Structures are given as C-alpha cells and as structure tokens.
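When the chains are written out, they are named A, B, C and D in that same order, and each has its own residue count from 1.
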Amino acid sequence: MKQNLDIKVKHLTRVEGHGNIVVNMNSGKLEKAQLEIVEAPRYFEAMLKGRSFHEAAIITSRICGICSLGHQITSLKATENALGLEVSNQTILLRKLLIHGALIQSNILHAYFLAAPDFLNAGSVFPLINTHPDVVVRALRMKRLANDIGDIISGRAVHPITPVPGGFTKIPSEADLIEIKRRLIEEALPDVNATVETMQALAGAIPNFTRETEYISLKNDNDYAMYDGKISSTDTGLYPDSEYLKITNEFIVPHSSSKHAKNNRSSYMVGALARFNNNHDKLLPEAALAAAALGLVAPNYNPYMNTIAQVVEVAHAVYDSINIIDTLLNDGLKNEKPNQSPTKYGTGISVTEVPRGILFHEYSYDRQGRITAANCIIPTGQNLANIDDDMKKLVPEIIDEATEEIIHKLEMLVRAYDPCISCSVHIVDVEFVE
Amino acid sequence: MNGYYLSQENVKDFISHLMKKKTVYAPHAKADHSFVFEEVVDADNVILDYVRTLNSIKKYFMPSREVMLRYNLDDNSYSIEDVEPVKGIFLGVHSYDMQAVLRLDHSFSHGNPEKNYLTRRLDNIFIGTSFTPDNFHFSSSVNIQPHKTEGFDLFMHKTDRGYVLEEVTKTGSDLMKGFDQLTKFHGEYPNSEHFKSHLYAPQEKLSKVFEESYDNPVWHEIAQKCVGCGTCNLACPTCYCFDVEDHVDLSLQSGSRERRLDSCMLRGFTEVAGGEVFRDRLADRIRHRVYRKFKYISDSAGEPWCVGCGRCTIYCTAGISIVDIVNRLVSDYDKKQIVQDSDMIAAWD
Amino acid sequence: MIKTVNIKPENFKELYFPTLAEITEVQQFTEKEKWYKLSLLDGSNLGHYPGQFVEVSIFGAGEAPISITSAPNSYGSFELCIREVGMFTEMIHKMKAGDKLGIRGPFGQGFDVNELYGKDILIIGGGIGIVPLRSLINYILDHRQDYGRLIITYGARNSKDLLFPEELELWQSNPDVEFHQTVDYGDESWKGNVGVITTLIPPLDLDLKNTIACITGPPIMYKFVLLTLQSKGLQDDNIYMSLERRMKCGVGKCGHCQINHSYVCQDGPVYHYPDLKLIREAI
Amino acid sequence: MKSKPRVAVFDFTGCEGCELNKLNFENHLLDILDHIDIVEWREAMDDQVAEYDIAFVEGSISTPDCVERIFDIRNRTKVLIALGACAVNGGMNAMKNKQSLDTVREIVYGEDKDLFPTLPALPLSSYVTVDYEVHGCPMTQKEFLQLLTSILAGKKPVKPDYAVCVECKLDENECVYGKGMICMGPITRAGCDALCPSFGQYCIGCRGLVPHPNKEAMINILIENGLSIDDAEKRMDLYNSNEKDVVLI
C-alpha cells in the first residue's frame, strides 16, 4: 500500500469559482484531504448596508451569475416577509416557472458540459462537438430553451430584470407562454428521454463509492419542494424556516475563505441528491420513471450520483413547467402591478431550493425600508465540510490507484457537487449585523 | 367638400370600413399610460382620444433604425435594401404631427430628394383628429391649431357625442364611399381650443429674437441642469439627423450598413476622427438644438421647425422646457429693446 | 405654409449607394500619411472640382470623408492622401494595390476656379491641409495662362511630415511658382525656414487687390492666418478657406457637419470668408 | 484558410455571470467555434496554454494575486478584452472602495483579516492596457458577438458613447420616470437596447457612465424625483464608484 501522496490541484477547472484540491498523506497517515477555497472576496456588506428594499435583490443577484435567479427569488421572498408584502398566486406560479427554467439550465450545463467530459475522459465539452455532435447540439438546445424561459419571463436569464418585491414589472404575454409550452412539448420532452439514454450509457463511469451522511432540503406536502416548505433533515426531522440557523451552525476553517456548516454530524449534504432522498415520492411519474431507468433509488449514498439526480430533476422540471403554464393559461394572465406598499418593517427569512441545494436569505429593514442587517447561507458552503469528509473516506479506498487516477476521481467528486464557489465566498461576507 | 356627423358608436364601424381599403395605423395604448401608433388589427384597440403618442408617425417614413446596404465581404459585392412604400391610412393624427411630416417632406425633398424617405412617404392617406391641449402642448403658438386640416384628407373634429367628420381632399371623399352610417353636417367646424402653454412671440419676431440670443446666458444656465441624453431630439417629430453604422454578421462573410436616428445633443455628434469635438460644451449643443427649431431652417422655410407637441419637454427627465427657454429669450430681447429705446430717448434729451 | 418641391418618384435620388473603386497605386509619404491612386470600377470619371471630397467606404467598417488631392485632369482615376487618425484610416492604410473601396461623391463646394480666374493665387496650407490644395495647385498649373501669380506657402510640423516630396521639388524649381515652405521644428537635415506658417506671409509682396488667399489647415491655424492676412491688408473678400467637420452622409441630410445654418458637406467645405464670418461656430 | 485565433477566457473578482452568458450562446456557440479556437477556459475546460491571440477577462482586480495574474495574462496575449462591468470599471465591487478597506475586511474576517489581503476593486485598465471593452452587468450577448465578429473580420468595433435614453426612444419605450421609478438611463452608456426599461424596470446603471457625463445634473434629477442626497449618491455609486470623467458645461 502506498504510504505517501502529495496532490495539489490549483484552480480546479470546470467549476464556478476558484478552488484547490489538496491531499497530503505522510507515512500512511492522511494529514490533509480538503477543498481549499481561494476565491477573491467581494465584500457585499459594503454593497447592501443602507440600501433600499428595491435594491436588495438587484445586488444579491450579483453575488453569483450562475445562481442569480435563485438568489433573486430568495431575496425577494425574504424582503416580502420582512415588509409584509403579499404576492399573488400568479406571481408565485411565474416564479416557480423561472426556478424550473434556472434548474434545467444549470443542471444541463453541469451534466453535459462540466461533468460529462469526465465520463468520456475529455478535458472539456469542445472535443465532444466532433465526437458526439448530436449530444452537444441537444444539450445546447435544452439550455437554450431553459434560458429562453428566463429571458422571456424575467427579461434576462442571468441577473433577471422583471422579478421585483411584490411581483413582476412586466407580465409575459399568453402567446409567449403558449410558445414556451410548445417548445417544452416538442423539443424538451424528446430531449429529456434522449438525455436519460445518454446518461444510462455513461453511468458506468460513475465510481462506486458510498458514504451515508445527513441530507437536508426543503420539503412540503404538495410538490417536489423548490419554492417553499419546511427545512427537512434525514437525521433530525422538520424545522420551520425561522430556525435555519439551528441547521446550518456555520464555522470557520483555516483552509477556506468560505465558511463550513454542520448539523447532526460533522457535515451534511444539500443539492439534487439530498432533494431526491427527501422528496423522491413527490416526483412527477415521468421523472420517477427516469430515476428508475438511471438506477437511482432512494436513499442513495453515492455523492457521484448527484449528477444523475440532477438529470432526474430536469425531467421533473420540464413536465412540471408544462403543468404550470397550463394553470396560468387556464386562470388567464392578469396584468398585475407589483405590490410595493410595506405593511410593516422588520426581519424576514426565506428558504428556497436552488440547483445546488438549499438557500437561506435573511434581511432586517428600518422604517425607511433600508437594510440594517443581512445574512445569506448558500448551498455550496453547506456542502464543503461534506466534500472534505468524502475525500477523507475516498482517498484511503483508492490509494493504490495511479496518482492521475486518484486526482481524476477527486476532481470528479468535487465536480459532482456542482460547487458554486463564487457564491460560497461572496456570500460569506454578506452576513452582518448592525 | 362635405361634412358628416360620426357618432361614437359608429367609430368602430368606420375603422373597419377603412381597414377594408388599406392597412390602417392608429393610436393604441402602451405600457401604463402611454400611446403609440400601431397597425390596427382589432378596431376595438384603437384609442382616438389620446394626449400624444410617444413617437410621432415620423417612424413610418423614417424608421428609427433602417438597413441601407447589405454587403458580402468576400467579394466586396453589395446591394441596396429595397424601400417598401407604406401606402397606409394614418388615422387619428394630431395636427402638429401632420405639420411635422410636412416639415420633414421639405427637409427630404430639398437639395437631394432622398429616395428612402420619399418612397415611404408617397401615397398615404391621413385622417386627423382634434385634441384637447394638456399642460405641455403649445402648438397654437406656432400656428398649429388642434383643428388645422392642412395635410389631411379627412379630419375628425371631436365633439361631445362623437366627431364631425370633415372631407378635406378628394382622396378623403373617395375614402368615404361605401360608408353610409352618416348624417350630413351643415354647421361651422370648430376651430380652436384652449392652450395652457404659450410662446410669447410669433415666428417673425422669434427670428429677430434669435438673432440677438446667441450669447444669452440661458444656454449656460440650462446646461447646468441638462444631462445631454438626447431624449429631446429623439422624441421630436421634426428631428431627422441620423448616424450610420456597419455591422458584420457572425458568418464573417456578410454584413449590413444601418442608419439610426441620432441627436445633436450627444457629445459624439460632431466628433471627427482624431477626437476633435466641434460642440464640446453642452451649452453649445443646447443652443444648436433650439436654433434648429426656430432659426436655422425657419429663416429659409418660413415656419418654425418646432410644432408645439411638447414632447421634448414632457419627456425631459431634467425638467427643461423649450417653452421656458424661448420665452426667456423673448423677455430678454424685449428688455434689451426697452433699454435701447430709453438710451435713444436719453440721447435725444 | 411650408414650401415643398413637387416630388416625383423618378426624381428620387439613391443617395447612399457607393461605387466600387480599385486602388491602383499606393505610396507612403510619412509614418502616418499615405497616397492612393484609385479608379472607379465602372470606368466612369469622378468629375470633381478642387477642394471637393468623397465618402470612402469600407464594408463592415463604415464611411469617412476624404479630400480629393488630384486635379480634375486625370480622366479615369483620382487620388487621395489619407492620414491615419483612427481605426478606419488604419484599415485603409493596410490596403494595397488591387484592393477595393466604396466611393460616394464628389461632394460639396470646392474652390471656385471661375471666381479665381485671372487672379494671383496665394495658397496657404498647414499640415494635411495641403492635400485638397494640391488639387487646386495642379489645376492652376494645368491652366497656368488663366491665372496670375501662384504663391504657395506650406508648413508642416517637421521635415519628416512634408507631403508630396517629389512635387514639392517640382514646385520649388518651377519658375512659374513662388514656393515657400517651413517647419515648426527644425533638425540637422533641414536647411529651410523654421517657424509656424504665419511667419511665411509678412515678407510676401502681394498685389492686395488682385490676390486671393486659399487656406486649408488644422482648425487652430485659421485664427492666426486670418490675423496675419488682415494685418497685411488683404480684404476678407479675397479669402477662401476649407473647414473640417464630420461629413457623414455628404448630401445635407444627416446633420453631423452642420455649423449654425450651414451644412459643410453641401455649402462647404470651401467657404468664402465673408460668408463664414456670419457662421458663429465656424472658426 | 487562415489559422484560427487562439482564445482564452479568465475570471477575476466577479460573479462569473458574463462567462456564463458566453456559455449561453447556445444558438451561436458552434458558429463561433468555426472562427476561433478556445485554448484555455477554467470554467469550461482543463487545458492551459502559454500564449493566446485574444484573452477575454472578466472581473475586477482586488487582490495582490489578481494583480500578478493580470500582468501575466497581458504578457501572454496579443489582444486583451475586458468583459463586463467588473472588468471595465470595477462594477459593484468598487462600492467597497468608498469605505476603509481595513474596516471592510475586519467586518468580514475579524481577527483573520490579514489572511485575506485586499486592494481597492479596480478595472483591468488600471493595471494593464485593455484593447476592447464590453460593458454591462452582465454583458449582453449581442455586444459580445458584435465585438468578436468585428475583431475577427479586422473591422472597427462600434461602442455606443450615448445614453440608454437614446435606445429607449428608438424603441418607443414608455419612460419609467413616468411610473414613479428612478432610472439611471439618462447618464448610463447605451448598448443594451434599453433592456431593463423595455421590461418595465428602471435602469440601474450597470453599463457605466457615458463619456463626459454631467453627474451634478444627474444627481439633481435623482433628488428632484424623491431621493435624498445620500440615496442619490448611493444610486450613482452602485456601478460607478470608479467613474470620474466630467462634462464641459
């Protein structure tokens, strides 16, 4: 058995943001196996403090270009809770549709462009354009449709425009929704099936590794919870959103400019696999079939399967988007103005599932509607301790493989979490209290 | 020429009648509280009782963006874009916007008659509607009453219960054929409305006022407030300055030359290669704009090139009013005249 | 009531359609200035007057106004001299013989050669201002008997910036031309005058009644040249000058070159000075 | 056929939204790849190379490590293009420049603040020569493609030097001031086709200021429309903390 190992992967590629993988084994003792976060901080404290409630979501959307819609919706909900702004059912449905669009976009980007090259031993998606042109074109088509949902409903998929506190600045037309629905049915449904087939073919490359951990996500009685619900832990049960700090218990570690989190164990996992483990019974039937076809059975303890859970969620999101559009069209679109008349000024908390997992925003406002305190806890930060724990279990299991293969499996592991380091670091400095 | 009563209930049928003849363009609601001219698809959506549209009907004859040329970079071949004639019926046009079109006609037919504008401009039918002036209209000060029929083929004078429809040209009369839900009108057509905003000098005097106003401090004062955004020009129905830009397509083989409305309020408007800007001071640009409305073209064409629609003022985020500027110039001019007169009297004494 | 002309479709002009021209010769004068000889591909003659300009077109990049430097004598071809001042001219500078450009024009009012008939002509060219003046100079040389004295004053920043070096020598040696040149900054290789262009004017012995000054140069030059000519006693009536502005469409529509009521692309670029005095922003 | 230019993509302090926008060129990505070779792009691929023809750089410079890297990139590339507000003028990051950097770091990292050195958030052009800029937060695909096609075709890229108001008027948008919104359009550089006002939202000024802006007049407009002086300056600073150019009145 190998006694010494020294790995340092600087600026891990195909993830959002800057991180290093560092593994150090000395005389058979694993001294280090961790993901170092070296992203440059941006000091959002300076940006948010004293800003009006109109601006909170505009600014927090800029925490991360990849997760901008998720931050924006979560921020809006927190502001609405703090100011007592009621939103209409139409607003909620449109937001849910946007969340689906963002999830499809993000999960497809990850599965096809960032993770799939690993399964095919390619360094990026670009060589696949020649070797697998139909797959690449399909991935682009799915991403385009998902982004178009964002562009049409929110003005822009990255840093959306129309969602504001209390509603939307512009309501899409019925014709827009009918066209999206047509494309979902004609393009996305066949593409989802094809995606499942492609992933079936690639699944053999997924390492056989398991480590049971605590899985945390939203949960509610009505649907595969994304927009709202209670915080659910596989270890400790359900919590109202007001108790999110009891779950996250953030702590600082020396090797990361992003804080870590833990609840019942030394770490927990959030994201697609956590959602699947918690809410698999709420998947639409078509998505449940996809899960079965991909061999994803709850509970699943293999973190590499997170990518597969993402694909299952894409199927769910596509079918559910069609349902949402049907409901909107049946109810008839109303040209509602956003409700921006606060009924109180205080603290508001919101919890939303975004592609990478559960996201918390909390704001306090003064009587002028200005931010006095804010806190955001994002999925990747919550996953970091779990990634380190996975690495500590994985390295001894594969220690006798070639170093390149070890590096490859470690990189794949980190990528499987689809980490968004941009978020994790930029968010750390949002927390401030007056 | 005949006149008819057109009751409010019959307006929709009248529009439908027009739609059978040609494409009809008329005011529609846009966003929260604005109006725009659009092609009529459903007569129900036409709003004839409106304050003013965001842009004037200029946009149909001189689109805000227009491809002039397409080219192939590989072989340097190129072709001119065919200009499609509009040939429509413009319904519900206010007199000041009609007058603006007549001014543009002058600008595009004098010197070098421009094919692009004139091709679109020919063979259209104009149906006017009177309007109730708001705080920003001042067209009566530039000889454009809300009932001025010049340029129109038909004119709809608003009354309590609908409209009095006046036939202005033979084209207008012909357009009425086949529409019989009308009773003859024999009275006098209404001809004036009450305006709240006025220029206190006719063009003949303004021409003199502007001769004396080049160094008036008002230009510098307004420049303190102005952000130079160009809105006043771009909203103006008689402004037609443009810029031209080339674009290359993603193929890298083809591209297009596009013209776009421009504004003399923008700093880059006079910039030449090498960086020199000939009206670098905001005050100079403001002066140039206002002189273009009341002096430079007007001296030769005989009419102010401002039609009193109020757009430049109502859409100015800095709250700058062309009426206030002109009246200030007039009042400064009058004061100067009094001083000169009294100096002369003093000299005689 | 607004006066409109009677407009008929057959009178409509296609104003923005360029004609293709081929570069037949290129010569580099200085680091920044190149001379080009072009022919219109349709074989037609440009048909210009001295002082006029064309709109040069590169597809994908746009158009720019460029003075014509050749005299209207070379049938089938014309010449431009182009200074590199930005991306557009940089692209032209990369072109070589055989490359093609779009041409619209000629546009504007040049020097009125009929007005100048029989007069002594005083050419005052500063820097690149010599480019359009060269067209006039060569026109006069082509019709030498129709004009009186031809006095050329030409100034450049330094000896390396002097344009048309071969022609300068020809003018210098031509007994029919009174040629004076100067540079702002001298160096070892330069044996001639040093000083700004206005220093060339006072020593000139002029028949003030019969001399017409034709001036082209950078905007800053005009004020000083005019003062010098006035102190010399030359009447405003005897002065013509060419202005630089942003002539974009060339046909009096787009508005970019407008100075007060005047469209430089139509009424200029060459103006009679008494007219120019009425245009406040001009100088 | 000419060899394709070698293109690299880098990111500094920012949200990576502009990079993501490039991955969002679904309809054009394959066309683009006909004309260029992407040789290095950490967010999308493993490869790293020594030299490139064109480097696209996102994000602002805010740590000593950033400074070192941007000089290195400049040395390796022929053409350097700043992508998005952060790279062009510092973007939102620059708001921290208004506070003491020590205070900012202490708020965030407490005792450990010295572990995370920070500099004022500055545009790339504060350190190296930038050949072209694509404005916006995020940059728009249209402008990026126009710039890229212009460069590839050897033509001059067009960059608007006028305000967003121009595009609103050309598109015949209703002015959002009329709805009680407070918009930065009058002084913000155009090029986005007035996207936000077209969707009923006010312009937040993400594209930086027009050249030679009349800032004083703009602050007056903000105040006239109901902001306090403090809020007006905050609104100006959202994207423009580093903008200093002034107007000739």
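Assume contacts are C-beta pairs under 8 Å (C-beta built on N, C-alpha and C of every residue); 3 or more make two chains touch, one makes a residue touch a chain.
For clarity, every value in this text was computed on a predicted model and none was experimentally measured.
**Q** Starting at chain A, figure out the least number of steps needed to reach chain C through touching chains.
**A** 2
**Q** Tally the contacting C-beta pairs at the B-D interface and at the C-D interface, and name the larger one.
**A** B-D
**Q** Measuring from the mean of all protein Cα atoms shown, which chain centre lies nearest?
**A** Checking distances from each chain centre to the full centroid gives D.
**Q** Which chain's mean C-alpha position is the greatest distance from chain B's?
**A** A
**Q** Averaged over CA atoms, how far is the centre of chain B from the centre of chain D? Could you give it in whole Å?
**A** Computed from C-alpha means, the inter-chain centre distance equals 37 Å.
**Q** Can you work out the whole-Å distance between the CA centroids of chain C and chain D?
**A** About 42 Å separates the centre of chain C from that of chain D.
**Q** In whole angstrom, what separates the CA-based centres of chain A and chain B?
**A** 52
**Q** If you average the Cα atoms of chain A and of chain D to get two centres, how far apart are those centres in Å?
**A** The mean C-alpha positions of chain A and chain D differ by 25 Å.
**Q** Among the residues of chain B, which ones contact at least 2 other chains?
**A** Within chain B, residues 73, 245-248, 255 contact more than one other chain.
**Q** Could you list which residues of chain A touch at least two other chains?
**A** none
**Q** Give me the residues of chain D that touch two or more other chains.
**A** 150, 153, 155, 200
**Q** Using the definition of touching given at the top, classify the network of chains in this structure as line, ring, star, complete or other.
**A** other
**Q** Where do chains touch, given as pairs?
**A** Touching chain pairs, listed by label, come out as A-D, B-C, B-D, C-D.
**Q** Residue numbers of chain C touching chain D in their complex, please.
**A** Checking each residue of chain C against chain D gives 58, 60-62, 86-88, 91, 94.
**Q** Sort out for me which residues of chain A touch chain D in the complex.
**A** 11, 13-17, 40-43, 45-47, 50-52, 55, 58-59, 62-66, 68, 105, 109, 113-114, 117, 123-126, 129, 136-137, 140-141, 143-144, 147, 154-159, 161-162, 164, 168-170, 252, 257, 422, 426, 428-429, 432
**Q** Along chain D, where are the residues that touch chain A in the complex?
**A** 12-21, 23-24, 26-27, 29-30, 33, 38, 41-47, 59, 62-63, 65-66, 91-93, 95-96, 98-99, 104-105, 107-109, 112, 116, 118, 121, 137-138, 195-196, 198-201, 204, 231, 234, 238
**Q** Quick check on the complex: what are the chain B residues that touch chain C?
**A** 68-69, 71, 73, 76, 78, 80, 99, 102-103, 105-116, 118-119, 122, 150, 214, 240-248, 255, 257, 262, 264, 269-274, 276, 278-279, 284, 288, 291-292, 295-297, 299-303
**Q** Provide the residue numbers of chain D that touch chain C in the complex, in ascending order.
**A** 150, 153-156
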